[in-house]
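Next up: some structures, all given as structure tokens.
Two complexes are shown next, each including subunit A; its partner changes from subunit B in the first to subunit C in the second.
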Partner chain A sequence: MHELLLFASVPVHQHHGLLQQLAGLTAMQPRHALERRLIFKAFRKPGLITGRVGGSQDLQQASAGDLQRVNKMLNGGMFYTQVVGPVSNHDFAPTSKSVSTPDADTQMAGVDEPKPPAPAPSEAAHVYDYDQQTWKLEFRDIPEAATRSAVTTRVMASAALPRGDIEPSMNAWGYGFVTEYLVEGDVFIHNDIVIFLHRVLHYPTGEKEPREPRRNLPPLKKMAPLEKTGSYVLQASITVQDGSNQETMKTASQHLLGLREQLKSAVRLEPADRLSLDTRAK
Partner chain B sequence: MAESFTLPLRPPPEQNERPDTLPVEIAQINNQWGSFREVNEEILLAKIAEEEKRHGAQQDEDMDEGEQEVGEIDPTERREQLYKRRHEITQFAMLVTSTLKGALERSAANECLNSKSHQETMLALDFISLLLSKHAPRQAETSMSPLLKQLAPLGSLDSDLVNPPPRPESSIKDISTVSRGWRIQNFNSASSKLLSAATRLNGEIESEIRYWGEVLAIKDKGWKVCRHPREKQALAVQYGFMEATPIFRDRGLASLRRANDGSLILDKGLLPTGARHVRVRVKQGDQVFVSSKPSGAGSSDADSIEQRILQARDSVFEEELFHELVREARAMAGCSVTTRQNLIRIPVSDEMEILLDLVDAETHDIALGQNGLQHDSRLTDGLAHAIRILLCFAHRQNLRRRTQIPRPLTTTRPATPEYHLLRPALAYLQHLSHVRWLESFLSDIYSTLRSAGLDIPQWTSNPYANWKPSSTSPPPAALEGLVEKFLRPIESVFSGKLLTSRGSFTVTVRTNLSSLPFGTLYDVSLDLPTVPDLRSPGRLGLKDDVETAITHLLLLDLVSTISSKTLPAVRDGQNANVSKEQTWDAVYPHLGELLLPNTNPEKHKKMKVALSRHEITLTTYIVRSIDGIGRGTCERRSHNAAAHLCKFPQSSVGAPSGQEYPSVMDFVVAEATEGHS
Partner chain C sequence: MAPLTSEEYKVLEQSRQRLVQLTRSLGSLVSSLEQGDPLPPWSSLQSQASIISNNLISVTEHLSDHRDLLSSIVAYPGPEYPGRTQENMLQQLMRTKLDPRVEDWVARGRIAGTESSPSALDFSRTIPNPSAAVNTSTKQLTEPELKELWEWAPVEANQEARQRNWGGHYTLEEREAGIQNVVTGLRRQLEDDDASEDEDEGDEDEGEDEMEVVGVHRKSSGGIEFDIAPHHARAVEPVVPLDKILRYMTTGHMP
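Then we have the complex of A and B:
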């Protein structure tokens, strides 16, 4: 699968207004999303067959090409990959008294949407259960180079993972845990385009960086945004099943560019710097 | 020429090529004096009076004095100056001419003088030529010396009239009169133009106020007012449904135009304006029932803009409803649903047919008056409401689907499935008829059993069991949960206890038209411990099968009840002191045959029980086989003993056997005792 993307930076003072505008554009309420993101890095397992280097003169040209391809697949790319686990507000350790509630102001007027039921008193004692946490593996390649179109294009793949402690499985597949962070934002759907207005939150500093995914979450209020000003990133993405089909790719990028045109007066959507989205492990 | 006067060397101030455009001037005036709206006659008069008061007096005096002075100077001094100058000029001209003449005369004599005069003449010629070259360059160029041409460009010298001579008194007066007349005329036309503009603006303001007032009223009522996406200048109101099929979604937008008097016009483009709605008719035998008109249509203030928007919204909803109904009806052609251009015909059963069509509101009224159509029918109204509720539900489902993370883009477009509008309604009707049939069957057969004096516990029914909110499950969080139930298979449960203890039966009727397996199925489960080899028939599709199964069960039940009945002890003829308790043996319970054994092998008595929906028949006769077992031709019925017959319910005419028994059990006991007597 391929993913086409456009990004924009949204200063924090514009955030609320943009939420309203996006709600109007997509005719839906923002869906609040909180995601744990664990970063894993591929490592080369010792004892892996590296294949023969050179010495392929006696082989036919075609099979030599095949061998090279297999070698490349086995040893060529080493990537960072991330494991995404959706969490909810209740999963975070409660702060002293007030439980953080979603901003009621973002309920847009004019759309009659039933509000989610208020958390029952029993849920106040809700405890985050790490063993029941669902996970999704998200692989993203480095964006394609030298594409003339004005969108970022990259190969992507996602897969569901078993619940609970994911680290042993990932280790077995040759990935080592690096770090984790939290993404907070709102999702909108506009036809085929997923609009994700989000920002990255860091776990509170001070405590020692653990060597494995956290089993407990700190209070949400204590999480600090990566960007000190608290600004958001607007990401508009569209996935394409078959990246080799030029026609669908063209349609997809046209959809994105159409969205850029629609949002022109609010934000400027741009393709991202290719190297800043490099996921290769060196 | 003696007087020195300064020549202006600067170019004369250029007149602005075009005067300021009207908007600029209006803006200037607005800035300086404020809006035109506040200008009226009193203010202008007050302003003029104020101006006059402030400057008027002294300025007028000053001007008068100045004019007087100028007037005094003019006639005397100016004329003197003029004459003096004219005199000087004539003198100079005479001098020049005389010199020229003299020079010419002397030219022949004096060559030196001649050359000098020639030079001067040429200089004069050059001077004149240069002066003229400003206005007639081509002509003047011919008379210019080459040296001059080199030194000075053409037209670099100009002349102008300085201190023009005063005009005569009469012409000045004429000019002033004419100009005053012009000015008055212009003022008149300007004022009339301003007045007409003012009235026009007033009208415009009023109509604009009215227009915006109405727009705001619409907005306050909660309608979405936006800029028209195709016409940038127009406002539009959105009344359609966001989740409808795209064609109908886009139709839910009408521009709000302003009539000349400022009233609001709802401009829907080329769409028809009349109200239309889906009419449901049910033909039952000869009778035709019609659904009532949707409420809201044809209310008192039909002309208010709010009402027109509502009507437009209803129309677009009804049209979408009909569109979706036709789409679904086409998919249901397998259920012998037929569609025509504007009619859907659904045969429900032999004598019942549903007709759906899209009609104008007026047609509805006209049609109502004729053909003996009947208005109030719970079925038609219920059907009409159901399809509308289900369309709203489909809209909500669309919203839910739309806000999910979309699937990756592929070349093939996912087909939009038909909504479930007719199918749930039809499923309900079908289910209803099956449930009614089962109810009537059970009540028939139970009343037959009761008439035979059997004390069978009443059967219970639980129609639409899965629609009822169960107490354990939480109430549906949203409206969708409520409607979603109706799309699931409909289920009704019938259960009953039997005469035999621990015996029971359960019939579950399940109708499903939304997904496989289609149609109505009966799930029959039987439990009769006295007949261990009885198997539940499981799923049955036909009513007859169900009837047979239940009748058979009740027959078995009856047989086992009879066989368990302890007969009163009979005294044996030969052996008086031996009394033995006897029972009917259920030899062939599935055939309803029982046997009363007798010591005399020729005198076994057999009873045959037959049960149908309306009748129980018991027959007893003597068989002559040794043990009494054997059926049909093998059973060796004794011919000399007449069969005893007992039928329930007893007909009023009287049983042919002539003997009346109040209940089955009485007959059973009587027959048993008779067999031994």
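Then we have the complex of A and C:
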């Protein structure tokens, strides 16, 4: 599969207005999304994998076809790859204070009814269960070079992974955990374009950087944006099943450029710097 | 007789200029009526007529302002005027009596003036001001005319009313031009209740906050256009460039 992309940087003061403009353009309410993203890096030469080693072998849950695809993806070279797990607001540890947000940010829409302070986390209605966390492997190749088109194009593939603790499985495939972060944002669908207005949140610092994915999530309010001013990234993407079909690719990039034209007066969508999306592990 | 001072020359020169303007605008109206085929639109005729009327006002005001001077001036040919060769021109210039045709017009105008305004006698000693004459020509309607007017008016008003979709305090034209410009003549503030009507349109996706559509408007050529992001009081530009963020998202390298 191929993916065509355009990016734009959105200053935080423009975020609210842009959300509304996108809602108007796409005629849909924004779908709020929170994703845990784990970065894994290949540490073995491909081809050395002889079989599945250790780990919680829940692999039956993933279909055989997915497994084959995963193997193929992972053995193609040395790459960084991402494991994405959707989470919800309720998965985060409740804060001792009231949950209402001071500056009424849209990220908290719908959850700001003040709850009584929870005495202990165990009494909270919902506890994040790491063992039930669903995961998806998202592989992205480095964007194609020397394409004269005005959009970023790259090969992509994704596959479902077993639930729960994913690290042993990834280790077995030759991938080591690097770091993890949280992506929060809003998704819009405009015809065949997926518009994702998001930003990266860091887990609270202080504790030692863990060597494996977190089993518990801190309160969402304690998460700090990677970009200190809190700016967002606007990503518009189209996925093309058959990347070798020039006609489809051309149509897709035209659609993206059409969107870019429509949003011209609000944001400047541009192809990303190719090397910043370089997933090759050196 | 004492020669004219420069002030008095100036007055004469101004009268000449105003008369020239008047004849020009009359001439252009005449030529547009004669040559225009089809006739020029009523709006252009109307504007030409108002130009002429303004010219007339300025001429008459000027003449009445300097009535003393103008009535005391006597014209006579200078010794160097070629009286023998240009006798016709001299006689035209020197005539004190109006042309018989012009005299007829003046007489007709005076009769019309006295008929239309009961107070015309008051103006008879001064040069009548045309605008004042128009203002005073409020003729009383006779009994049958009044009756006719009252029979006509309700029907006409009703027809005009049926052309509009009633509701609210302002017409569509007024709303488009901006309601703050409308002169209502009222002391109290009319509220524009149309603006708050387009809510409650159907709550299918309950639980989600409705996003209002702002910053977008339809282009005249079709399609939509976004407003340029308004200047924000707390404008904070991102510090970390986009490619650094993307690099972090891809490989986990801190910027």
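Just so we're on the same page, the second predicted complex is superposed on the first by the 223 of 282 C-alpha atoms of A that agree within 3 Å, B and C clash if a C-alpha of one lies under 4 Å from a C-alpha of the other, contacts with A are read in each partner's own complex, and residues count from 1 in each chain.
We take it that contacts are C-beta pairs under 8 Å (C-beta built on N, C-alpha and C of every residue); 3 or more make two chains touch, one makes a residue touch a chain.
Note that the coordinates shown come from a computational prediction; the quantities given were computed from them, not determined experimentally.
Chemist: Clash or fit: how do subunit B and subunit C relate after the overlay on subunit A?
Modeler: In the arrangement built by aligning on subunit A, the partners subunit C and subunit B clash.
Chemist: Applying the document's definition of touch, where does A:Thr153 land relative to subunit B and subunit C: first, second, both, or neither?
Modeler: neither
Chemist: What is the contact status of A:Thr251 with respect to subunit B (first) and subunit C (second): first, second, both, or neither?
Modeler: In the superposition, A:Thr251 contacts subunit B only.
Chemist: Regarding the shared-chain residue A:Ser237, is it in contact with subunit B (first), subunit C (second), both, or neither?
Modeler: Once the two structures are laid over each other on A, A:Ser237 reaches no partner at all.
Chemist: State whether subunit B or subunit C is in contact with more residues of subunit A in the superposed arrangement.
Modeler: Looking at subunit A, the partner in contact with more of its residues is C.
Chemist: A:Met1 contacts which: subunit B (first), subunit C (second), both, neither?
Modeler: So A:Met1 only meets subunit B here.
Chemist: Looking at the overlay, what does A:Val194 touch: subunit B (first), subunit C (second), both, or neither?
Modeler: First partner only.
Chemist: Superposition on A: which subunit B stretch among 24-32, 96-104, 222-230 or 654-662 collides with subunit C?
Modeler: 222-230
Chemist: Show me the subunit A residues, by the header's touch rule, that subunit B contacts in one structure and subunit C contacts in the other.
Modeler: Looking at subunit A, the two contact sets intersect at 110.
Chemist: Quick check: in the complex, which residue numbers of subunit A touch subunit B?
Modeler: Touch residues, subunit A against subunit B: 1, 27-28, 31, 110, 114, 117, 187, 189, 191-194, 238-242, 245, 247-248, 251-252.
Chemist: Tell me, which parts of subunit A touch subunit C in their complex?
Modeler: Residues 7-9, 11-14, 17-21, 23-25, 29-30, 37, 39, 41, 80, 109-110, 140, 178-179, 181, 183, 200, 226-231, 233, 262-266, 272-273, 275-279 of subunit A touch subunit C in their complex.
Chemist: Per the contact definition, I'd like the list of subunit C residues that touch subunit A in the complex.
Modeler: Result: residues 205, 207-216, 223-230, 232, 234-252, 255 of subunit C touch subunit A.
Chemist: Under the touch definition given earlier, write down the residues of subunit B that touch subunit A in their complex.
Modeler: 222, 224, 242, 399, 402-406, 408-411, 477-478
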